[in-house]
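The data blocks that follow each hold one structure.
You will see two complexes here that share chain A, one where it goes with chain B and one where it goes with chain C.
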Partner chain A sequence: MRVLDRNINAWQFGILIFILMFANKMLVLPSLLFEGAKMQGFFIVVFLFGLEMALLGLFFYLKKQYPTESFAQILQYKFKNVGKVIFYTLFLVFFLSKAVLLYNVTYIFFRNMIYKDTSNFLILFCFLPIINHLAISGLRVMGRTAQLFFPVMLLIVTFCIVVGFFGINSTVIWFDVPFIKILGTLLRHIAPFGDMLFIFIIMDKVVIKKGQWKIVFSLTGTAAVFVILINLIYMLSYTYTSFMHPYAIFEIMSFVREYGGLGRIDIISMIVIILFAYFHLAIYLKSFMLCFEQVFPKLNCIYSLVTFNFIFVIIVIFFIINLETTVVFGEQILPYVIVIPYLLLPIIAVTCLFKKRKKEGK
Partner chain B sequence: MQVKKEIEQIKQKLHNSVDVADRVIEIGGTTVGLVYLKSMTDNAIFSGYIFEPLAKFEGELNFEELKKTIRPNDVTEIKEDEIVKNVLKGAVVIFLENSEQILSADILKFNMRPPSEPPTSPVIMGPREGFTEDYKTNITLIRRRFHDENLALESVLVGEETQTQVILAYLDGVVDKKLVKKIKKKLEDIKIDGIVDSYYLVTLLSSRPNSFLKQVGSAEKPDIIAAKMLEGRVALIVDGSPIVLTIPFVFLEDLQSSNDYYTNYLYSTLIRFVRIVAILLATLGPGTFIALQLFHYNVLPFKYLITIADSTQQVPFTPFIEILFILLLFQILYEVSLRLPSYLGLATSVVGALILGDTGVKAGLISPPAVIVVAIAKIALYTVPEQSSQITILQYVFLLIGASLGLLGLIGGMIYFLAYANSVENFDTPYLAPFSPFILSDNKDALFKVPLEEMTNLPKSFKNENKERFDESSGQEH
Partner chain C sequence: MKYFFTQLYKTPMFFVFVLMVAFYGFHALGRTAEINQYAVVTAVGIDMAEEEEGEQLYEVTLLTFIPVAQQSFTESYKVFNAKGRSVSEAMDLASLNIGREIGLSHIKIIVLSKELIENGLHKFLDYLSRNVQVASSTKVVATDSTAKDFLTTAQNLDNESSIKVSEHIMYNSEYIYSTESSLETFFKGTFGPTKVGLMACLSPKSPDEQTMPTAASDSQGAGEEKSGSSGGSGTSTQDMITQCHVYVFKEGELVVTLGEREMKKVNFVCGDYTDGSIQVKNISDKHFTNANVTFEIFGKSMKYNVSYQNGIPVINIDTSLTLRMSEVEDETGMVKENVELFVISPEATKAIERKVKQSMAEGINTMRENQVDIADFYTLLYNNNKQAFKNFLDSLEDPEDYLNRIVFKIGVRILAK
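This part shows the complex of A and B:
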């Protein structure tokens, strides 16, 4: 069985990136950043989003140079088949690790907030069929479905941010953390970033007409601004206790709910968290499948699905079950995995450019 | 050709059915045989236009004289193997002794109901005529709206036994010719013993026949069909059915009502939003209620939680069983009101809804919030009656999901269902267009409805000739 991955347009591509920019960055991350770098945690988010935008720029550069080729073809051309397999094996590890991290952060949120002490299996049973279905249906179906939910996501996130503004406690940002500590926090909590690797994996399946890069950049930029705003509002709302409230988007509305008498409006943020989590996990699974296809070209997508589900369930059930373990996993193991997009991709791009220039020169 | 022998053969082929009639008359030494079906022909035309002129004929009758003598409009010469087919279609077949030539005169007549307002799509303003079971009447109703040479009608016979006429009606120059070819090919390839209603074609023309999603459009009113043909769709008129089908179909079509086009555009926009809310209430209402009650009671406002707790403490069933029971009760009442004669159906509905509901609550078997939630869901269902069967299925599915997996499951279910709907493409038309993929120009007549003069182009959700529909300068002062 092969999945029919038909092309997606600039809007669908932009929306998928929009989703990638959110996910767990709006839950526990702001709290961890505050714990490590206090208010300067906000600048870490800005800096890392800058890096993600740079990866997007890199993507457009490669797309311009190789409009129809896939990333795998480019790698094969530049680094032979062995190089391609090595890179894609690293990508496999990256996407699986990111899926585990995202699932755990989201699971903990659901368990604490809306499923009081519910078993892990119930949440797994919700996620696995849906993300498998989305991944098998193909990139176009996933893109179209995301497009359908996009207005809802946009509306809810905007609503949360607007409501969150009314809960701001102080507007003072203080700078009292040394640079070395900020750098350490940045490296420790880099794991939720770097998802832009996905766009390279689906490079040949994206059709971007002339001038449509603006759509992609605006959607990505909007997402980045939204997440930065959520971080800012969160830190300004819980000026001294941000490290104690791990569900940023949910918490920024608490003050308005409590003092504005608007009722349980924080429930609305749950809807958007659920939507982002579903699509984000589906994107990881899809990426895993596409990488698996390159590493094991003779095996069909059933094998990749079974492999992902098996390893994912094993890790989730037996190794990571609480927030502490998840944080340790995210802080101590995953930063090494993030080397892949932030170091490997630029190296690949520079190598491609260098070889092309050399060839053109000859 | 020996007339009497030929008549006997035809009667045998038709199993000596009681309505097969024959006449043998001698005219100027020539034997003339006539065969027809009494049940399908107009007796007055037969007597006055065929039999009487032949009986009065004097002289030697040959084939050319025969053609001149009989007077119905539709007279054709046919081959021997076409005799039975013509008789069955309501023609009188005439043979001459010792002549190989055969005449067929169409004098079909059977009692038909006149075009009346269909019960499924009543309008406050706008045309009230509806299609009938006779395809010729239906063609007339469509032709009356297009006094233009571009209206094309093609015929295909479907069904080995029924030989049902299926007419493809479309506007040449508007429709995508490849689409017409595809539909025709698909109809010709259908190998079935018979079709007794247009619904048989719905599944046969669907790209995913096993899907519960409706993939072919349908309407009972000529104004709706004309509007769809103007957009570049193909209409399929099936003999014997008052429901005319249209291809391609998108979900949006069922969200639109003919009333929307005969009222103010702002009001239409408002009503369309109401319909979307109603669809969501109908589909997700019971499931969400049960999810909140079972899993997420902590997110409910405290006062509301007390109200629910108060009203459900007497109920002996679990919330899921309670809601399922009320849903089934409503479904039974609905089925009864459909099957029974209208006067009894109404009485049963009143008895069921008022007395059973009220006593059920008083007896402590069901709780008032559950009755209200199910009642709202069931009423909301009929804001889009064309999708009622699909939504009903989803109602039960989401109830089960809500009861077993909660809010996370419900949203997951929605994603799953919409992803599934997104994968459905009948005749290369995305089912959820123009919402997904998002087509800006088609959204002028989707959730929002703009004034008619702003809808300048044909829809882009499916292939058509994409010409301009409206000259923006028309109707304006210069």
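This part shows the complex of A and C:
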């Protein structure tokens, strides 16, 4: 089996980031944030997206300094081979955990809201072949497929947001939660963020011509604004009953359907959830494969695929089968994994940048 | 052809697709049809039943549509019921009585008996709030009869005149005499800062109000009630469902019952209406002499302004009402004025203003007496000046009694359409 990992251009790169920005943030997260920090949950999303954008900025400078090198090569220069392997092992855990969280939330959404007889195997059977195929086909194929579906996704998300505004009819109390509680909620629900690690993993496969960075920043910013708006609309629509409605983007449409009598427009949101879920899982798998390649350089990519599928299936079948366990997994285990993109990654990147400049200065 | 198969062979996703269709397609074909599997419930009633072995039983009544393939377009509904130690258990037993799985996705109305409400509401609504199949827009109403009788009457109404029970309160939020009564609005109020939830009350009765439906005798504790059959609730074609009043709950406990007139006064303060009328008595001007005039509300705008005087909040409620004269009872006979061209005289305007101000003051008093902040002044004050409002609450002996300490200033402006 041969993986065709050709380079991707700015548009494909931007679209993949756009898609990834929605991962794990448009279903259960807004409800959990409101539960913990009430309306101030909105500011948590804004703050964490600020960090994501900062990571993109860091990537921008790193890419300028090391235009052709991969992140693995940079790590090898600075931390030797052992350091690189340790970091990439952590990255492996990160992407696998994120994939498990995303799959479970999506599966539980379909089971609860659409078809209660849906078995885990059925959904796995629908997802796994396609995400494996996308990952094997390579980044360019993934990017081009994403480019193909991007207008549909953009249109549907925009539609959901515009329609969602009609559902806002509540007055709600602002700034009634102490800062320490907001901070606690932020740390507890940080797990859905930190996906920007992906762009560092594919660093050498991204070719961005002069003047094209604005495409990447615009698409990333647009995605961030969209997710923030989804959170805000959801919180203002459901307010104190948001704990009863854990699937934000779907619930926004349900709210408008139920009170505005606009037919079953909530089905539209399902299309975008399905499309996003496929791409999110494929991106996580691809990132896992690239990290696996660095940790076990002598093993064929078939091993990384089998490893991912095996561990992933074992976890989702035996350990996480309902929303409660998923939330516990996301709240109590994953926050420790998020240390990687939010603490480790900036330290590495800044160190690399600083050392490079120092060297150039000499 | 060979090229075609070669290309197919090179496309692994095609085989995945064929495999999925083959496996799940045949699996789906082999399953029981959903119309034979589910009973579609459109209304649920919950009553308290007698105790059994020291345990309180609850009776669940389901207005059910069982899909049957037929050539006519009529939908036939049946009422099923069952008793259990919890709502969940009663639902399961009802499912056994029907012989099908209960589908709750199409529920339009939930009916709770008054007896149940007086015994604490939250434990019954908990089942429905946790059930993902029940839409949050589902109407929830109380009845002063039993929920079982109510649904039997509803079934008869539907059979005889196609009046759906859920339609009775469809436009409640638009009228000044009532309130929106759905799971969402009720829970929003209950879980909000004021902890106040409202619920409309419907009553099954005949127009002459003579024969109230009697409780159905059901010695087996479960069974089917057919319209007009013996053992039913003794309803007749004269039956109808009327709106009687609104129950106000605080933290899930019934606090006060408001009639249509009282609700109207409260709604004048809250501004939750788009339709209604105002009656003013004994207006004398160039058009009338001691006339009783009714004005229809065409539009309204409300503004709440908050200020603090000596640490006490002062809320200015400015209301603008656009009215149109709709009915006159004049001592001197018919009034020769075109309604479209009619201009409300200053005397009439002042009389209306006085009337609305008085109604609003009475509405505020109702809220004050019962300590129920139906208009959610709490949120208004909190968002206006968090610290000043906190200081004000701290200065009170009983912070729950904040409505009695707030100063209200009411301004009314009348405009003619």
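The rule we apply is simple: the second predicted complex is superposed on the first by the 356 of 362 C-alpha atoms of A that agree within 3 Å, B and C clash if a C-alpha of one lies under 4 Å from a C-alpha of the other, contacts with A are read in each partner's own complex, and residues count from 1 in each chain.
Following the convention adopted for this analysis, a contact is a pair of C-beta atoms (placed from the backbone, for glycine too) under 8 Å apart; a residue touches a chain by one contact, two chains touch by 3 or more.
A quick note: this is a predicted structure, and the numbers were derived from the prediction, not measured.
When chain A is checked against chain B and against chain C, the one touching more of its residues turns out to be B. Of the two partner chains, chain C is the only one that A:T171 touches; chain B does not reach it. Once the two complexes are laid over each other on the shared chain, residue contacts for A:C126 go to chain B and to chain C alike.
In the superposition on chain A, A:T351 makes contact with neither chain B nor chain C. Looking at the shared chain after the overlay, A:T307 reaches neither chain B nor chain C.
In the superposition on chain A, no contact is made by A:N7 with either chain B or chain C. Once the two complexes are laid over each other on the shared chain, residue contacts for A:M244 go to chain C alone; chain B is not touched. When both complexes are overlaid on chain A, the residue A:S70 reaches neither chain B nor chain C. Touched by chain B in one complex and by chain C in the other are residues 122, 125-126, 129-130, 133 of chain A.
Considering their complex, residues 12-13, 16, 20, 24, 129-130, 132, 135-137, 184, 187-188, 191-193, 376, 379-380, 382-383, 386 of chain C touch chain A. In the complex of the two chains, the chain A residues touching chain B come out as 9, 11-12, 110, 114-116, 118, 122-123, 125-127, 129-130, 133-134, 137-138, 141-142, 144-145, 147-149, 263-264, 267, 270-271, 274-275, 278-279. Of all the residues in chain A, the ones that touch chain C in their complex are 112-113, 122, 125-126, 129-130, 133, 170-176, 239-241, 244-245, 254-255, 258-259. Taken together, the chain B residues at the contact with chain A in this complex read 295-296, 298-301, 405-409, 411-412, 415-416, 418-420, 422-423, 430, 432, 435-438.
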